[in-house]
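In what comes next, chain A is part of two complexes: it sits with chain B in the first one and with chain C in the second one.
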Partner chain A sequence: MSELDDLHHQIERLLEVGRADEARRLAGRALALDPADPDTLCLLGAAAAEAGDHDEAKRLAHAALASSPDHEPARVLLFDVLMEEKAYAEAEAVILELLRDNPADPDHMAGYARLLLRVYQLEKARALVAEALRHDPDHALAQVLDALLHVIRGDDRLASARLGRMIAADPDAAHVVHTAIVVLGERGKHREALELARELLRARPNDPELVDTVIELRLASHWAMLPLRPFIRGGWPFAAVMWAVAVFGLIALRLFVSDTAAVAVGGPYFALVVYSWTGPPLLRRWLRWRGF
Partner chain B sequence: MDPALLQPSIRGSTPSEVYSPRATFFTAFLGGPIAAVLIHGLNAKHFDRWDHERWPLAGALVVAVGVVVGAAYVAVARPDLLAALPEELGRGRLVRWGSRLVALMLWGVLYLRMRENYRAAEMQAEYRPAWRAGLACVAIGTLVSLVVVGAVTLVAKAT
Partner chain C sequence: MARTRTELERALAEDPFDGDARREYARLLEEAGDLQGALRQWELVCRQRPESAAGFLGAGRCHQALGASERAATCVAEARSKSDFAKTSPPDGQRPALQVLVGGAGPRQSAEVVPLSAAAVRFCDVVGHVELKKTIEVKIIAPFVRPGLFARFGKRAGGGVLMYGPPGCGKTLIARAIASECEASFTAVGISEILNLWLGESERNLAAVFDRARQRRPAVLFFDELDALAFARSKSHSDHTRTLVNEFLNQLDGVAHDNQGVLILAATNMPWDVDPAMKRPGRFDRQVFVPPPDDLARAEMFRIKLAAVPTAAIDFMRLARATPQFSGADIDGVIEAAKEHVIAEILGGAPERPIEEPDLLAAARELQPSTLDWLRTARNLVKYAGDGSYREVEAYLKQVKLL
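What follows is the complex of A and B.
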């Protein structure tokens, strides 16, 4: 293995564990060996993207493509950066070119499905995921997307079945744990989802999105949220039904019972409404302040 | 692979952020049936579902205006129909609560039609700030309702 190959290998490992700054330093050394090497430019770009420097990542992807126009990792990097920049039409053009060049590549099918999920083209995303899984039934991203698309459709049974297959294959993989958190949360098993999210947070304590997820799951599974559980489960359609039942039910009730009895029924309802407005935000602040 | 899957389908202006279900709910609750349809119409555009939703939205708008006309007509021209109703559902309240009930029903129907998209948006947890759009929908919905009620009142008094 040449020195450059060895450096590439080390940079890839560093990127896998999220150590972007060290990866960038090492990539600088690799670049000194061959400033036009597309693999090095691409890895440096991936490190920049990991560090949130999308402009630099895009510049490096273009530099790699100038050096080698068909360089696949550079095209994938460009696609990822365009996705992050929400330049979805441009990202689609890149991934479609990749798919036309490699029509049987499940990575690109799953990548395109991920993009389509972002722009709510769910049917086409489902078709691409099915196609990716036909080519590679164990494809990680395609399986994650399949589970998420089942959750979106409200088909918890199929989502759980997909999750079960993923757990059987690789129970500790981060993408499996992430999917499990989403599926369990959607099925109302917030406590189980919370335990998984806490485990993941121990491994990645600086991930702000994960912190938010843990807080929301802790909130949903907290005993103080027990009276609001039907609202959490039923969402805004349930709130709409409850409003209609309460208002017109109370009017009907006043026709048949005394005002005192109507107040006895209406009082707890209005207390619940006030609590639904004030309880969750206060508890969320408390959890953020006190820890979770 | 189906060749259609390799055709581009994302328009240049496709955004990924929509108004949250919470924002659409309160717009409908405060603004009435017309506001409910308007805010869902905006989200249908943002979901890039305008082609799928334009006729249901048009139907919902017809229902919304029809309900406002109907409620105004009964309250102004046929108050005898309200005589049997309990005191709590007087003329003003009938219009207000009836219109809010219809608004939430229309909101619910349109929400359920796009619920997969709303669930996908919830997973991405990225919503547009809804203050301006929500207030604009409430203002337009209220204004149109007032104009309709005024027109019905004028017609009823003239005949």
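What follows is the complex of A and C.
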């Protein structure tokens, strides 16, 4: 085992535990041993990407590819960085090339499916996920994407079935918990989703998106949101129907009842409308400020 | 200004073909006694700048120190043929032999055993943290130095203590002080001493560290950056992490091993990344929050750190109040910034003067405490995650009005 291999292993390990700065420092040592080593350049790029320096990550991925044009980790790194930058056309070119070289690789299939999901090519994404799962039934990313695609399609039963399989295989894994939060939230089980999200936040308190998710779930499961629950559950179609019923119903009501009775019925409805506009944002601000 | 090793490594990472940085790095390694490393660097300098004698001279010096006289002679002969040979100094064979012996940043070092000496850090050397020191003395040190008394009450010495808190607030210093107060041998373990590419080797290294500590009872075993070694298995992607954490748990468990008389200390900036199983009873069941220094401690730090610097009359308490949540490292930053400001003024033609309070206050206003990021992250835990195991953090955040 060379010193360089040992350093690579330590850098990978540091990246896994989220210590990008230390990984970069160690990568500097590795580069000092061999400035053109594509593995080192690629790991340094991954450290830069972890630290949010996408330009540097891309530069290093290209440097690694200049040194070794077929270097797969460098191509995967480039794909990941382009995805982060939302440069989907360029990312697609990279992943297609990877798939051309390794047509049966479930990692690349799932990666491409992730891209297609981002650009709403759902049917193609579904086909790729199915193919990835055929090659590797336990592939983590493919399973997550499969569950998300079922949720998007509105097929709760299949999403739950996929989630059940994931929980049975690895109940503690973060990606499984993430999927569970999405599936439970979609099924209207906000309280259960909130408990899971808080559990996940205990392990990742520095994730701002997760903090937002927790606040949203707390908002959805708060008692003050009870009057709006039918709207949350029913979504836009329910709100449209309610609006139509209220407008035409109140007009029709005036023909048969007194003004006082119409106000008695219309007043609460009007209050509900005002509350639906002002209540959630105010409550969200309160929860963010006060905590829970 | 000479760059540090880290700065040079970073510079080389950014531009591996920066010849000046590589030469400086090679010289630094040579001075640190890492001759193999320095030789590799000088050889790279030779390849990158074949027209210069410096690389060949450096390689010659390293070969000579490593006992390869013939290679050294070849290098010197090569250097002589370069046009700039006269400008650089020839390899001085009179370099002290100590240079070869000290340092030696080889690829892997065994865990560092630091013998206790008269100069060891004691609790009185740790500035501030008054309450914390009291708690540690009662809960950690007393059972260790008076095991008889505690045995009568059914309490055992040893076990695990996890210190957590923002970076730069003295966790490592406190660990060293604990070891001194316990009058035990102190073994500091870092990630590089444990991790190995080969399957099973990291676990073996970890077991060896524990075995060595058990042989040296009473002993204090200190794991810095515990989160890197005991990373939460639910978040890891590799089996390597899982097996290492399993081995760690196995070593900590009193059932499999007798850890009586071995105090296992650990420090981490990211307690949420540590595997939850590590925090269960019998393992790192005592968790201690090391907060940023309070006003009194910061005032004392300013006083100590400015003792050897020319200063006018300074109200240290006012300085401390102007630097809330600043860590010891941040205070160093404030002092350095003030020094730079005064020196720049003097170099600009102003009369020579000592550092004054306004210089330090201005420097403090320009700097952000490095602990803030950590405290904001911890606030998420307390505020939204409902994690009851961070009560001390919650109390601190309330005290400094961050919650």
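One rule holds for everything that comes next: the second predicted complex is superposed on the first by the 292 of 292 C-alpha atoms of A that agree within 3 Å, B and C clash if a C-alpha of one lies under 4 Å from a C-alpha of the other, contacts with A are read in each partner's own complex, and residues count from 1 in each chain.
Assume a residue touches a chain if its C-beta (ideal position, glycine included) is under 8 Å from a C-beta of that chain, and two chains touch if they have at least 3 such contacts.
Worth saying up front: this structure is predicted, and the values here are computed from it rather than measured.
Visitor: Check the residue A:Arg24 against both partner chains and state whether it touches chain B (first), chain C (second), both, or neither.
Guide: second
Visitor: Per the contact definition in the header, classify A:Ile215: touching chain B only (first), chain C only (second), both, or neither.
Guide: A:Ile215 sits against chain C, while chain B stays out of touch.
Visitor: Is A:Gln10 contacted by the first partner chain B, the second partner chain C, both or neither?
Guide: second
Visitor: For chain A, which residues belong to both interfaces, chain B and chain C?
Guide: Comparing the two interfaces on chain A, one with chain B and one with chain C, no residues are shared.
Visitor: Of all residues in chain A, which touch chain B in the complex?
Guide: Of all residues in chain A, those touching chain B are 86, 88-89, 92-93, 96, 99-100, 103-104, 109, 112, 115-122, 124, 127-128, 131, 148, 151-154, 182, 235-237, 239-240, 243-244, 247-248, 251, 254-255.
Visitor: If you look only at chain B, which of its residues touch chain A in the complex?
Guide: That would be residues 1-2, 5-6, 8-12, 14-16, 21-22, 25, 29, 47-49, 86, 88-89, 97, 101, 104-105, 107-108, 111-112, 115-117, 119-121, 123-124 of chain B.
Visitor: Of all residues in chain C, which touch chain A in the complex?
Guide: 6, 8-10, 12-13, 16-17, 22, 25, 37, 40-41, 44, 107-108, 191-192, 195-198, 225, 227-228, 231-238, 240-241, 270, 272-273, 377-378, 380-387, 403
Visitor: Quick check on the complex: what are the chain A residues that touch chain C?
Guide: The touching residues are 1, 3, 5-6, 8-10, 13-14, 16-19, 24-25, 27-29, 31-33, 35-36, 44, 172-174, 198, 201-206, 211, 214-215, 218, 291-292.
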